[in-house]
Structure formats: C-alpha cells, structure tokens
C-alpha cells in the first residue's frame, strides 16, 4: 500500500501529465490545447518539487530559526521552467490571435477545411 | 610515391578548355568552334602516342589528384588496358568531330554549341575513366560520365528525348548506386584497398560465396556494359543525334562499361580467384544468353539505328565474355574486341547517320537500291559489317579468334557454340542492308538522292580503312592486350 | 495562560470550519443561484473571520498576526463587492430569482 | 494634490508592514514602486474620474463596525439554521428599500453592509433606492426595520 | 581578457544583441548590425575550434561557480565542430536574409525577424556549448521559442498554423527532455554532464534511469524530427520565410542530434544504451522508414520547399541510422552527414529563396523554363540535388560512403541496400525539378523573370560550392568527425 | 489540530468544486470558483501558520487579491459578451 501512500505526489504528477497530454491530443480547440500544455508542464513542476522534499525541511527560503530546508536546486530550476512555460503560452496565445484574425476560427477542423493546414 | 607525371592531367584538361572555348565563341563563329574541336582532338591524340610508347616499355605513369578518404585517393595510373582505351577514345574523337560537323549542319540541328561543348566534356571524362588508377577513381569518372552524357542523350529537348533521358539515367544510376557502389564499398571493407593490382586484391578476403555475390554486384552494377536485363537504356538512347549514338556505342559510354569489367576481373578479383568462383558460372550463362538474345532482337528491328543498338549489346557481351573467361586468350580477345568493335560499329553508325542526312531514311525496308546512289556509304557499311562478323581481311577476325581460343582454354564448349551461332546471326542482321542497297531495284526513282556530305564520307572512309589496318597490323593492340595478364 | 488561548483558537477554527461546511452544503441544498449566494456569503464572512482569528492566536510573531489581519481585511473588504457584482451581473443576464411568495411563484 | 499624498502614505505604511527588511536597497525599491503606483493612479484618474480615496471620516465608525460584526454573527447563525433545516425554511423575496444617506460613500457602506450580512444582498442601486434579495421573510423584515439605515446615517453627522 | 572567456562570449554576444536590434529602428541598419554580430560569432567559434584542436577540450565556469552548482561551458571535439557549423550557416544565411526578407516579410515585422534570428542563434549555440544538462533545456527553449516566431513570419497564412503545430510538438518534446533530466538529477544529485557521466554508472540498472533515457530519447527525437515524430517539420519549413527554412534545416535538427549524441553516449555510455537498453534497434527501426517514407513522400510534393522538407526527414534518417549502429564508423558517418547535410540542404533552400524572391513561392509550376531564365539558381539546385543523391565528388557521397561502410562492418548488408535505395528515390525527386526546369519552355504569359540578385546568389553558391569542395578535400571534416566519434565511443563505458 | 482544519477546508473546496462542475448556470460556476478561491487563501494561511513561516502569508494575501480581480474580470467579460450574443447558458 505504501506504493500509493508514500508516493502520492508522483501519482498526482502522472495523472496531471496524462490529463494534459490527452487534452493536447484530443481537443480540437487551439486554446484548450494550450491549457493542456500548461497542465502537462505543471505536472513536471510538481515532480521536481516533490523530488526536492527533505524530511520535515522547510520551504527553501532563508529565514532565521529554521535549520532544515528542502533542496533549493529543483525549486530554482522550476522557476526557470515556469518562466519558459509562461513564454511558450504567451507565444501560443499570440499565434492563436493571429490565426483567429486570418481564419476566423480557433477550431482545428474549421481551419483545416479552409486550406488543409492542420 | 612515383613522381607525379603531369601528362595525363594535361590531356584531360585540354578537352575541358576546348569546351570552355566552344561555349564562349560558339554562337558567334561556328567555323572557329568546329576548328577548336578538331585541333584539340588532334593535340590530345598526339600527346597520347608518346604515352603509348612509354606504356609499351612497361612504364606506368601516375598522378594523384586528391584524397577524399584516407587510403582511397583519386589517382590516375596508366596501365596497358587504359592506354588501349585512351587511344581509341582519342582517335575516334577526331573522326567523330569531323563527322559531327557534316551531320549537324546537314541535319540542321539547333544549339550545336551546347552539343560540341558537352561532347568535349564527355571525352575528357572518358579519358579519366581510361586513366583511373584505382576502382574508386574509376567509379567517380564512371558516374560523372553518366551525368555528362545525359545532356547529349536529351539533346533534342523533345518529350521523347526526356523519356529516353529518364530511362537512360534511371537504369545507369540505379545499377551504379545500388550494385556497383555497394560492391565497391564492400571490396574496400574486405580488402582495405581499391588499387588496381595485377593478381587482384580480393584473394582469400572472404568466402567464395560472398565473393560471388560481390562479383554479380559488380557485373550487374556496371550498367554501361549493357548486360541483360540492364540493357534497356541503350536502345532508348537512340533518340539522340547519330554522333551521340556513335559516341555512346563506339567511343565512350559502352566501352567504359566493358573496360571497367575487364579491370575489375583482372585487377580486383584476379584471374586465379575469379576462375573458382561459382558466381562466374552464372555470369557465363547470363552473357551467353545476352549475346544470343540481343542478336535475335536485332534481327526483328526494322529501324537501322535500333538494330545497330542491339548489335552493340551482343558485341559487348563478347568483351564481357572475355573478361569472365579469366583465361589469357579470353582477356586478350576481349580487350582487342574493344578496339575492333569500336572502329567497326562507328563506321556502321556513321553510315546510318549519312543515310539519314542524305536520304532521310531510317528504316531498313526503305533502303532498296539506295546503294547505287550512295556507293561510298554502303561500301563503308559493308566493311564495318564484315569486320563485326569476324571475316578476314578485317580486324574483327582477330578478336573473335582469340575469344574462341579463350573458350577452349576455359574448356567451356557451349560458349564456343554461342560464338559460332552469334557470328551467323551477325550475318543475318547486318548483311541484308548492303544487299538491299546494291541488288534490289528502287521502287520509285526518287530524284535528288545523292551521297552524304563530304565530312561524313571522310570520317567513314577513315574508320573503314582502319578496320583493314587492324587486320594487317594488329600488333600494338595485341601487345597492349597481352601486357595486361603478364 | 496559553492553554486557554489554545482552546480558544481551537474552538474558533473548528466553528469557522463548521460554518464553511454549512455554506458549502447550502450551495447544494438551496434551489437557485441567488439563494446559494447567501449560503456562500456565510463562508466568506463569519467562517473566514473565525478561522483567521484562530490562526492569529496560534501565530508565533507579531509580524504574522499583522499579516493575517491584512488578509482578513482584504477578504472582508472585497467579498461584499464581488457578491454584489456577481448578483447584479446575473440579474442583468436575465436570471430570474426563484421567489417563494404566493402570486408569481414560477414552476 | 491631497489625495496623492494620502495615497502615498497609505502605500508606504502597507509596504513597511509587509517588508520586514529595511536595507537601503529594499527601501529604495519600495519608494520606486510607490512612485510607479502613484503615476499609474494619476493616469487612471483621467480614465474614470475617481478622484479622492473614499474614506468615511467619522468617530462613530469603530462603534458601527463593531455593531456590524454583531449583526453578521446573528445573520450567520440565522442562515446556518435555514441551511440545515432545508428548503422549506427559506422564502426568497426581492424588495426595494430606501437609503437615507446623502453621501455616496455612506450609501455604498450601507449597501455593502446589507450584502455582508448573510441572508440579504443588495442586487442593484438606483439613486437612493436599493433592490435587495432576501433569503427569508424575516431577513426582509430585518432590513425593513431600518435599524442598519439609522446606524449608517449616524456616520454622516 | 577577451580570449579566455570566449566560450561565454559565444552565447552572450548574440543573446545581448537580440534586444538591441529593437533599438535601431531602420531594417537595413538592423540587418547590418545582425550581420556584424553573426560574423563575430563565427569568428569566435573558429577561434574555439582551433583552441580545441591545439589544446584539447576547454572547460569554462560561468561566473566562476564551479560545477555542479555553477554552469560549466564545455567545448570539446564534438561541440566545437557543431558550433562551427551553426555559426557558419548563421553567418551565410544572414548575408542572404538582407535581400530575401525584404520580399517575404512585412516591413514592420523585419526587426522582429532579426531579433528572433539572433535569439535562435544564441539558443542553438548555447545548447551546443553548455555542459549543464538543465541549461541544455533552457537554451533549447530559447532557440525553439524564437524558431516558432521565425516560422510564423512567413507570408503565407499557413505559416501561423505551422508555427502553432511546431510549438505544441516542440514544447511536448522539450518537456519530455525536462522530465528525463529531472529523473537523472533525482538519481545522481548533479546536473553537470561530466559529473552525470561519472555518477550514472552506479545507478544504471534502476528503473528511474531507464525511464530517464526513454523520456530523453523520445523528447530529443521529437526535436530532431525523426520519423514518426516529424509531423511538424514539413509545414514549418514549407511556409516559413526562405531564409528561415534554410537556417533551420541546416542547424536546428543538427543541434538536436548533437544533444542525442551528448546524452546517450557521454552520460549513459554505449554499453548501457545499446546493449542493456535496445537503443540501437529502436533508432534503426525509426530511421529506416524515415529514409524510405521521407523520400517517397517527397516525390509527390508540389511545393518544392515541402519536397526538401520531406527530404530532410529522410536525411535525418541517414544520420540516426549511422548513430544507431553504435560503431566508430557509424557515428563518424552520422556526424559527417550532420555537416554535409547542413551545407547542401542550406544551399538548396537558399536557392529556392531566390525563386521565391521573384515568383513569391517555389512550386513545381514556377520551375518551368528556369534553366534559361535563372541559370545560376537552377545550376545551384542541380548541384545541391546531386549532393543530396550522393554522387561522387559531392559531400553527400562522403557521408553515404561511411554509412554504407558502417552497415557492412556490422554485416547488415540489407540496410546498406536501403541506404542506396534512398539515394535512388532522391534521384527521382531531384530529376523532377531538372526536367521541369530544362525541358519546358517559359510560356509567354509568364512575368519576365530574371536571375536572382547577387546578394542571394553568392550565399547560395557559397554553400553549394562548399558542398563540392568538402566532397573532395575532406581531411578537415573526416578528421573532426573521426576524432569526435572516437571520443564519444571512448567516453562511454 | 491544524491538519483537522486543513481537511475541513479541503472538504469545503471539493464540495464547491462539485457545484462548479454541476452548476447549471454560468453564475453558479463563478460563485463556486469564488468560494474555492477564498478557501484557498485560508488553506495557505493555515499551512503557513503550521509551518510557522510568517512570510508565506504574503502568498495568501496575493492570492486573495488575484481571486477578487479575476472574478470581476470574468464577470466583465461575460457582460461584454452579453451585448454580442445572448449567452444561451444564462437561463
């Protein structure tokens, strides 16, 4: 049973990852794809953070009186990953706006009908 | 490393310079352009003669151009067979240039400048094939020859030319890339070298089964030898103007093919290794079949050029046969047949071209009584035909004689029979033309039929006389041929 | 002394929690949007106040108490406005409240 | 000009409370951010005309807030009872009520006070009449007594 | 001062100059500025290559933070070679872009193009030079994001959807790589590639490490568009501006292959990746269909840029096939083809840009009579095509030679046949262009087309010329590839 | 004891989420999301007090602001949308 209890973070990671992945693949709406992508990236962030957890270690921000911290490196890496995720989402949304201006729709199949570009 | 002998690169560069000159002055002054072709051809042939002298004394001048792979240089080394091939190419370039001037003007072909330019390039590459010092260099020039002759084959620019070009390139590139290159790299992997060495480099490097596979890959890989079933490109290339057909059939392309086969047989496998390979048996049957089938198909062809094309396929079979027999007489016969067939077949093509230019006739059934109007052309044709059939007093006899000797040495009697039958077939498909020309009455007396232009006649006379000379004085060719298997 | 504080904070927290649950349950038991809005406002107001007070009693530094107070201030300051605009927007979109009186009681 | 200063003071206090670190660099950054906010709010004034921060200035305010807290507790309990009793315990009604306050600030405070106490919500404001939705008749009655209205008006004196 | 922190300058220079572009407003000025930066970057990578050749691998700690905390930049035999390719192509394409971008990108977007171009260059160089695994991910995203922007600048509206698709698949790939790196970090506690190489062996047979190599491989294969993960490539290269297609086709996928080599061979090592894990079989099973299907689909394309894009899918198949053989010759052929393909494919796309410059697009019908109207451009396409086919005296032949040799060494002669059949398919789709250009006459109605401007021709012929030169004088490339392959094979356990 | 209150808050959030999923009208959903938002603020405050870290309360502060602003933004969006095409889901 500790397979589940002990590692419940990683189960959450997997669930989120697969949900995000499914949304990206299955949903035809471009915006929903971006949402899926974000969920997918969030799952990785949770993975890194849970990997960093040190037994009863506090959040890795220096404060007086706290001795044991969780490993700060994954947290720092995830700051970058979040920034990358935001940048990607911003670019994706910008593209969607342009696509909407050009095609008048954000649905993959409607766009495909116009000039088979998806 | 023997000191770099600059003669060969010079000989190769001269035609390229000529090509450049032709490109520049071509449009403005056609006569000057023609002059450049002939002068360069003569100079090249002139430079080849002293080289031949040195080669006959056993010298092997060499020159390294570059080394793309460590241990696999692009290098020119002149050995006897290469010399033989270079001499033919050099001499026939002169003759074909002369002929081409008459033909192109008589036949009012357009963009002649482009024709002469690519013609010169093709010759330079052919000389490259002749001079190649190792299998890799041979392969490089072999491929470049395919590409440089493509514009000549598709010279007319018509749809038919495009389709012919597609077949030509398709078969030659497919065979060379898939079979020849694979065999070449496999040999390099097994032997660690690609140098042409007397006695071969593959002895004992792999099981006889693998070597047989490599042998088959090589012989079917050299598409230019037109071994059936990879012969379709040759008749397809007939759509090109006659001087190109002459170039393809007598001077460069096919000769490069069979030349490579002999080099591979002698210098890569080596006679002793080749003889035991089971693969050789298979090839013997394939060649025999190829010779007979080609001759039979030739008989069915009413179009003169098509018939000559299939005749070439079967004659090439003779040279390939010589190569695979792997007996001294066989190889000598094969090598000499390169020379004999070159002069004989080029005469036939010149005649066919002359008939086309003068009488605008291309089908054999239309030739009734034409001999009376074009006596020189038809006599030259007859001489060429007799030389191919192998009757004295024409050179063809020698090569057939040694080939027959070679089959005996190898103890393959069915091959002797094949040679006999094919000679009969040669008679059956070559002689009807002069017979129709001289004996048959012309149905309707077309006015204004006269002999071919002067240049064509000169070319034809020279090559037909050469067939005679080859019979009387074959010694230099025999000497070069026999030096191969010392 | 801090035992008493502990118990007090414990009481506040639990009662706050109970109020929260009540509000949530109200979301389900009430028939239409407007009635549920009332249930929700329970969680927003008293439940939050109690929980934050409970937390303040547990805080181990003045700074934390001040910050918790600020949080409470923001929530109590913004919740009426958001509830109002939510209701107003719903009304304008034509959402009819479910009325219990006799005359125009719709189905 | 007065508003800008008052806003700056409020922001500075808020910033100092939250920061907890008083190194020169951080203080510098703090002032910078406050200046930025002032600039933006100055620009926003041209946008929506909201000039002075609306603060109820009255000594009665603390008493009122305390009274409001009691009201919230009472109405919370009332709504909690109704939740557990279930649907029949509620009688949702909509009604209008007059607000006796003059200034906008107090009128908003009155409306928000109604909304804050569970059981009653101000749906719409039209001049001085509020449209209110009540969870029950008792809720409506509670508002109708005008007790809250009187309390808020005390702030205006 | 400059010379000893060249590695840092290699990335910092283009990275800083990207935003600076936005300050200089006139496009011509921005182009000139970008060109200067690209040439400087090329200078730096040449300097680094010679340094590596003389003194061996260079290690540079960013901000003097020693690894595993700080980021170490590492320039060794493999990375210096790839650095040179990327910056060389970067410099040549920017020379070309000045004129080509005028016609293909709206004026107000041109500054954005140059800025994104520099960012992409910085990203790609960063991936190659960094010695820190997570840093690879960061630079990967920098280059990818700027690449999506570059692709979306194409004048055809389908460039937008192509860029979007590329973004989705690219981000998925990058996230897979991030997961792989995370798993590795979990087991070893370090992100520095050299450290990882040291610590991975003792945790090799854990399930986490197997998961890590799986995630990494899939992520990287998505980034390098190995069949069947190549779906984003055709549209992106087809609808992107010509300069972008040229730059991407010659660098982006190559850098991804470099990352694959770096992770699989240096960190996991040959024995683990190829004997314990079925990396060899997996890559081979993906590369053979890549070669055959890529080339076959290319034959039927009407848009010639898409034709070349599918041909790239096939050529990537060749590179990965070489690597999947996991032998010194195999990897040499892979790395060689990395360089050779960059030259020929870059040149071909630049040539197509010349056609697009006059006719707006490069479809098969635009090729009618090009033999006469644009002789030099068409000659470039023919020579590039011959190199693609792998005719002797071209670079294509050199890498094909080593690839066939590598397959024969392993005794897989049927695969050698597949490689050669691939070249035959290349003959078909290249000759389609030759016949269209040299056999049809220009029908009179056509707009009178003249040769592409010199500023387009010179870079095209620089690359095409190089693909002939390096087909003959191959000491430099073969030597570099051989040393890199030995280093990679040797590094692994 | 802190875990007790956290679990209670989580329960409230889950119930509210169910309401958000089921909620027939759009406004039910916005209301439910608002409830979840407020409860998250409380949850963060509880966690930061249990961890004894004052600085984490700032996160609760920020989240409260974000929650308020996003509710107003969503409402504005749908109101703006009203003028375009009547929202069928509204009834």
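By letter and in written order, the chains are A, B, C, D, E and F; residue numbering begins at 1 in each of them.
The working rule: contacts are C-beta pairs under 8 Å (C-beta built on N, C-alpha and C of every residue); 3 or more make two chains touch, one makes a residue touch a chain.
For clarity, every value in this text was computed on a predicted model and none was experimentally measured.
Undergrad: Please report the smallest number of touch steps linking chain A to chain E.
TA: The least step count works out to 1.
Undergrad: Going only through chains that touch each other, what is the minimum step count from chain B to chain F?
TA: When the steps are counted carefully, the minimum from chain B to chain F is 3.
Undergrad: Listed by label, which chains are in contact with chain D and with chain F?
TA: C
Undergrad: By CA centroid distance, what chain is farthest from chain B?
TA: It is D whose centre lies farthest from that of chain B.
Undergrad: Most C-beta contact pairs, which chains?
TA: Looking across every pairing, the one with the most contacts is C-F.
Undergrad: So which chain is farthest from chain E, going by the mean of the CA atoms in each chain?
TA: Using the mean of the C-alpha atoms as each chain's centre, the farthest one from chain E is D.
Undergrad: Report the inter-centroid distance (CA atoms only) between chain C and chain E in whole Å.
TA: Averaging C-alpha atoms per chain gives centres 59 Å apart.
Undergrad: Using the average of all C-alpha atoms in each chain as its centre, how far is it in Å between chain B and chain C?
TA: The computed centroid separation for chain B versus chain C comes out at 100 Å.
Undergrad: Using Cα averages as centroids, what's the distance between chain C and chain F in whole Å?
TA: 12
Undergrad: State, to the nearest whole Å, the distance from the C-alpha centre of chain D to the C-alpha centre of chain E.
TA: Measuring from centre to centre gives 62 Å for this pair.
Undergrad: Please list all residues of chain C that touch 2 or more other chains.
TA: Correct list: 23, 25, 37, 63, 67, 70, 79, 81.
Undergrad: Which residues does chain E have that touch at least 2 chains other than itself?
TA: Where chain E is concerned, no single residue meets two or more other chains.
Undergrad: Mind pulling the residue numbers of chain A that touch at least two other chains?
TA: none
Undergrad: What part of chain A is in contact with chain E in the complex they form?
TA: Within the complex, chain A contacts chain E at residues 21, 24, 30, 33, 37, 40-41, 44, 47-48, 51, 73-74, 77, 80-81, 84, 87-88, 91-92, 95-96, 98-99, 102-103, 111, 115, 117-118.
Undergrad: For chain E, which residues are in contact with chain A within the complex?
TA: Interface residues on the chain E side: 134, 137-138, 141, 145, 148-149, 152, 157-158, 160-165, 167-168, 171-172, 174-175, 178-179, 182, 185-186, 191, 235.
Undergrad: Mind listing the chain E positions that touch chain B in their complex?
TA: Its residues touching chain B are 386, 389-393, 398, 401, 404-405, 408-409, 413, 416-417, 420-421, 423-424, 427, 431, 435, 438-439, 471-475, 478.
Undergrad: Of all residues in chain F, which touch chain A in the complex?
TA: Listed in rising order, the residues of chain F that touch chain A are 51, 53, 55-56.
Undergrad: Which positions of chain A touch chain F when the two form their complex?
TA: Counting only chain A, the residues touching chain F are 58-59, 61, 63, 66.
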